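A short write-up of the structure that comes next.
By written order: A, B, C and D. Residues from 1 in each chain.
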Amino acid sequence: MIEVLYFSWLRERIGTNREQIHTSAATVGDLIKELAAMDEGHALAFADRTSLRVALDQELADFSAPLAGVREVAFFPPMTGG
Amino acid sequence: MIEVLYFSWLRERIGTNREQIHTSAATVGDLIKELAAMDEGHALAFADRTSLRVALDQELADFSAPLAGVREVAFFPPMTGG
Amino acid sequence: MMRLSVQENAFDFGAEANAFAAGAAGAGAIVTFTGLVRDDGGAVQGLMIEHYPGMTERAIAAMMTEAFRRFGLLDALVIHRFGRLGPADAIMMVATAAAHRADAFAAAEFLMDYLKSRAPFWKQEIGPQGAKWVAAKVQDETALKRW
Amino acid sequence: MMRLSVQENAFDFGAEANAFAAGAAGAGAIVTFTGLVRDDGGAVQGLMIEHYPGMTERAIAAMMTEAFRRFGLLDALVIHRFGRLGPADAIMMVATAAAHRADAFAAAEFLMDYLKSRAPFWKQEIGPQGAKWVAAKVQDETALKRW
């Protein structure tokens, strides 16, 4: 089981800021496919992957990164701090 | 008549911070030659022209600049502000 | 030595700058940067800043450690607010201390470039038509390439 | 809008920074630089700074006008001390305000590069062996070439 977090407009489109997901997805890319298939909100949130960023256990990662051992996955748009 | 000002180690070598000079020097370079010939202190102050800077009426200038109409000439080493 | 604070409360820019300068023993150069909420002629009534607690502190600490290493800093400070901010409020500040000015400037710019695009903050502008997420700028991503 | 002060008295860096930020209407980015007297491990007991009254203000005003023109500044401040300073004293400060950070940073660095080599100040370091004029650095002259 994996904890999935959403921020900014991904959170708004999905309608929650976190959910627990049972998955056997091997990579971030696989997980995105599963999540996008859940419902309309998820589909909309994951529609444009060029403006999608991911962190695994609070470290930025690529979509090809493996999920083995990961407890927390966060999805969000490009950051706008500073 | 022209007011000549000295700063930093030029002032120390010459022994004064300002003096009034009667001169018919056409350029800064000509004036430097006249001043350097005045005494040992002046000669020492003007010995190394690579570390000499000049301002005419409070604006940085070159040694080739004409003195016509100038009321105040200042000589000093490279600046070390900030 | 470094200090970082991710906080909802306002901070006193001048007081922080003075405390930072007083604590930076041996420094010859202090640079500060402060980002303020621009009202854009009344179009922006405020900001709402969301962040990722835990990751935010971790990401900023990593940037600061890297800035120390690259620029030989004597001290650094990052304060970044989240939550609701009003026009002209200070959003965040960075301060860097080094022996000489080139390193202090470079480190402050390095930290700003990374905070803009690699610290997990998301800004929402609140205007007369409601709230709108601020889009990331291409030039902010490009700015990272110089380091 | 700009303010410049060449003064013998100490100034309060934080208070000046706060007043500057409060007055910079519409700014999104404020950069400050402060130069402090480094004690170099006890080798420097203080500084004596000489300047050229009249030309100093004129030269700094010209640099500030040029910085406004080049970087579209909203506000700028330069304070520079002369006379006797002790270890860790603030020698001078620069503050710049712009809509965006790149201009505020560039303007502050531009002003610093020009203040170092084109404003008529001369520093003397006071140490255990007496007073010694600080030599201009080649890299300070070189720094001007980037603008």
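Here is the rule we go by: a contact is a pair of C-beta atoms (placed from the backbone, for glycine too) under 8 Å apart; a residue touches a chain by one contact, two chains touch by 3 or more.
If you're wondering where the values come from, they're calculated on a predicted model, not measured in any experiment.
Chains that touch both subunit A and subunit D: C.
When chain centres are set by their Cα atoms, the one at the greatest distance from subunit C is B. Spacing of subunit A relative to subunit B, judged by their CA centroids, is 71 angstrom.
One finds 23 Å separating the Cα centroids of subunit C and subunit D. The mean-CA centres of subunit B and subunit D are about 26 angstrom from one another, to the nearest whole unit. Measuring from the averaged C-alpha position of subunit B to that of subunit C gives a distance of 48 Å.
Residue positions of subunit B touching 2 or more other chains, listed in rising order: 82. Touching of two or more other chains is recorded for residues 35, 101, 112 of subunit C. Chains touching one another form the pairs A-C, B-D, C-D. Against subunit D, the residues of subunit C that register as touching in their complex are 12-19, 21, 24-39, 41, 88, 90, 99, 101-102, 104-105, 108-109, 112, 143. Residues 35, 50-52, 54-55, 58-59, 80, 91-92, 112, 115-124, 133-136, 141 of subunit D are the ones touching subunit B in the complex. Touching subunit C in their complex are the following residues of subunit A: 5, 7-9, 51, 55, 58-60, 74, 76-82.
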